[in-house]
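Next up, some structures in structure tokens.
Okay, so subunit A shows up in both of these, paired with subunit B first and subunit C after.
Now for the complex of A and B:
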């Protein structure tokens, strides 16, 4: 069969078009994820510092030094504790809010919009807002408590005029966890809302005709059906939380003492602010196997829970 | 007194009148089919009976109780959806037990009674060996039985079925139709079955409700609906190929293709109307010959004849024949409203 000789047009070439479409994603991954990751590994096994950028291989020395450092152990423990505690609240609130926002009520659109704002606001900007809200002397929260008699002489919460949100050890930890929950609940909610609205209406109508009321439908139909999506939401927010440093960097710098110092911040403080690039890299690399194992475990659980 | 009584029921979605003033009485033990083209309001009507849709106006009562504003669980109805809507994360046992557990407190079902009821219903529908399976491990026919079992286990007053056979392949469907009818008759349950498939409707219904544009066009037995249509819509909607409709002075008349036969095989030509028929094309369909042609004086509309294969008259293409229709098989319709009119004095004008 004779083939028509058409002029060659570059975009008719499937290989070229494929490469062209893949290029942005590949570049992004290589330059912004791959390269720093390889560098971190390289640094972790070397003695590089800000002052001396020669890369000399030193084996596991950095990792040993970091592991034997009691501050690191405490930081590691704090990071895990913050992550786990915040996830409990994020999941709880996200589930409640997702159910609320998938009901019909007037003003739903505006309520959804306002609610999504914490997630849409740049982290550092939002944290500056919280820095003021939780200010040691001028916190509006303290002001309200003072006016209502909860603070000040004879107050129920404290005889002082302030609670010292970011300066008292326990309260500082609670504040950081609270702000993290505030910041990450919207994303989890949006993911769960997508899950809830993907449940076929036939199934929900059927449950209604079968005589099922709100709570039974929620606990026995809706939640089991969105379980896989819930695991994904949890994975996202756990990884974000585990590797985050912005919140504590702005709010507390890890203080008071080391009470709110988390892995991301500690790695930054040792590696960049302290100039010891090699140890900073080693610190951050400790998170890697943990997060990897967590991701594999949760993705497997999600695909196993998936039905149909 | 009928089991279900529907009075002047309406449902408007914005400016669309999905159900536009329906009056309907359904008797205990009846198999009622609601038939109509898609978008005619039949599913909306059924969803209002179920309580899933709130009527804009009108009244529904079930067993003499006004249920118009009651939620589904207080109506004593159950429903089988087109998709079967099985709960995918529950096994068959838990699927069937779900409505019992949901109504456990009101009806005082204990664990043992629930187990008994589920097992009994499953045996009845011959799915008792599938109780541990998940819905995704079942065939289409088995899923349908599970859905029916779940709907029947609470012994509802009315069983609502929304095109439950349309997801089955053609071979299974005839079988499922037969089983469904047997099952309904032996359990003496009142069934309301929504479909757009006229063969299903004719085969299953004790009575058929034909709907179009939110209104009931006719209610009657399959035979009444077919032989004695109330208007032009019903006449042309039922039957395949549909009724030939021809225009005359001031009215329209129609006859079914299977009643339009060569004059030579007519059993009583003296009681028949004779037409000059020009044959354009003949399709051989095995059991029938489907003839396309024109009736003299009505060349603007294609007229079909369905000639059974045992009629051995030769029919040549592009030739004229005399075809006859028995007088009683000609239906007359008002030109403006489409309503059936008495043909006595019109017959001469044809």
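Now for the complex of A and C:
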């Protein structure tokens, strides 16, 4: 094969080639993430709409208006509540599943395929399945409950034939959290699996030689060792969850009333559907300090856990 | 068709029978291999809670997909008039699958998604292959900082960026064109694949490149001729996961493209197959299932590779 027609010397230089290799990707990211981010901040301080694209500086007016809006307050709270509550269950299930799937067992391949499906399916498409599962009238879950006597006349859960999963405030919130846990547990599991499989085998061998049983090895050796990775898994799924709007867009559009409206969806509805780009941008910007704080806190926790 | 009808009509019985047969065969195989001793029976008993856990999780994961599968073949009468979601009271039908492919823009959505996905994968590889190699081998402190920058991108998710992005897309005249997605999607696929790829590159022993350098190759040649071929499995898995990331994306697709025939799968199916208050349930559920299965298989095939890349990428070095 023909050699590259470039002088050999500069291309042997690590730092030069390194910079050369890194530059295009960094530039692209800077242009497509940095620029819009700065623009988002600019929008937040302006009065731009879909119709009127002039950027007039209006100071903190958008942020003040958003913060004083009681719908926004509720949306903000809902987003935080959904994120926190779902993480508890995601971490719990992910730990169990990661331990399960780092072992060998019969039928592992098909079991893993099934457990990965909720994560592999594009979110909006998986939500169509849940939209039907939680349908007001035809919900298969309601049907099962009806047949087993939990619903219908004299039923324990309700005298109606349906629970109205997505139409009753509490149930709608529970449903959204359940579905989020359903779809995000595999991601956290996979990250934890990476952690478990990176534990040096000599440590585990030593534990076995010392007579440590399965549960003891798990609780006293494996879990403490993967704590940093658990924090990373938590961080990833919290960011995903916090900034997600797809689930509620398909399932409820934020309803009933505002009970399942989350930050991303609200920003979309005000900014794009309502045409008020400036206020939409201001709404989504409220997420940033929270995401940043979350990341700093968790990365600190992770590095502290790593030192010990 | 006859076989399909039979399978559908006896779906649950077949499912349970299949499960029991597999469990029975497995136990019989063990007993034959190790003998039906007391210890062996105790072992099987001790293992069964483990399988119960697996089965429970599998059931919850699979439930909506089973319903999708069954409902794909239900007639309207069976679906709405006498709701009995789990069995067929009327003969299963293929009319909804037929309608999905022939009367809706489903094939357009698939085409758009594939075109966008392939284009984004190409752009992503061109940008992230060299960048990931630089992160893994070539740069010291600066590389570390660049790595952190890539991570920070995760803190600025599409929910924060879609409004200014929308303005930019309109300004560039790319609104309603899949080109807008091809330009914007690398903003999240490049950091992802850089991280994954640098993990795979770190797994290649540096001695091999040193040997290539001694043999008179320069850095770029060593990268192209030694490192790339050796990390091919990792690169393939990066391609798969990058492609599926584009398949999953929803917000940009929803905001940038309003024209039905230009929409991608994730946006097109839930917005275009619902007309006002009319949900075309069977085609909707079928459309979701048809995409879910191959993506799930791909994920499962490449999961070990993903886990490996993730682990190596997380190792400081």
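As a working rule, the second predicted complex is superposed on the first by the 275 of 308 C-alpha atoms of A that agree within 3 Å, B and C clash if a C-alpha of one lies under 4 Å from a C-alpha of the other, contacts with A are read in each partner's own complex, and residues count from 1 in each chain.
Here, a residue touches a chain if its C-beta (ideal position, glycine included) is under 8 Å from a C-beta of that chain, and two chains touch if they have at least 3 such contacts.
Predicted model, so just to flag it, every value in this text is computed and none were measured.
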Review point. Should the pairing of subunit B and subunit C on subunit A count as a clash or a fit in the superposition?
Key: fit
Review point. Is subunit A touched at more residues by subunit B or by subunit C?
Key: C
Practice item. With the two complexes superposed on chain A, say which partner A:191 touches: subunit B (first), subunit C (second), both, or neither. Key: second
Review point. Between subunit B (first) and subunit C (second), which does A:209 come into contact with in this model arrangement: first, second, both, or neither?
Key: first
Check your understanding: So, A:199: does it touch subunit B (first), subunit C (second), both, or neither?
Key -> neither
Exercise for review: For the superposed three-chain arrangement, provide the angle subunit B-subunit A-subunit C between C-alpha centres, rounded in steps of 10 degrees.
Suggested key: 70
Exercise for review: Please work out whether A:221 is in contact with subunit B alone, subunit C alone, both, or neither, and reply first, second, both or neither.
Suggested key: first
Practice item. Check the residue A:298 against both partner chains and state whether it touches subunit B (first), subunit C (second), both, or neither. Key: neither
Exercise for review: Please provide the least distance in Å between a C-alpha atom of subunit B and a C-alpha atom of subunit C in the combined superposition.
Suggested key: 9
Review point. Touching subunit B and also subunit C: which subunit A residues?
Key: none
Review point. For the complex, which residues does subunit B have touching subunit A?
Key: 47, 50-52, 71-73, 77-79, 81-83, 85, 87-89, 98-99, 101-103, 134-136, 150, 154
Point to revise | Parts of subunit A lying in touch with subunit C, wherever the complex brings them together | key: 3-4, 6, 8, 11-15, 17-22, 24-26, 28-29, 32-33, 35-37, 39-40, 42-43, 48, 53, 93, 96-97, 100, 105-107, 109, 111-133, 137-138, 140, 143, 182, 186, 190-191, 193-195, 197-198, 229, 232, 236, 239-240, 243-246, 249-250, 263-264, 267-268, 271-272, 277, 280-281, 284-285, 287-288, 291-292, 295
**Study point:** In the complex, subunit A residues that touch subunit B
**Key:** 200, 202-203, 205-213, 216, 220-221, 224-225, 307-308
Review point. Subunit A touches which residues of subunit C in the complex?
Key: 22, 26, 50-51, 53-54, 57-58, 60-65, 67-68, 71, 79-80, 83-86, 126-128, 130-131, 133-135, 137-140, 142-143, 146, 149-150, 152-168, 183-184, 186-187, 190-191, 194, 213, 216, 218-221, 244, 247-248, 250-251, 254-255, 265-267, 269-270, 279, 281, 284-285, 287-289, 291-292, 295-300, 303, 306-308, 310-311, 314-315
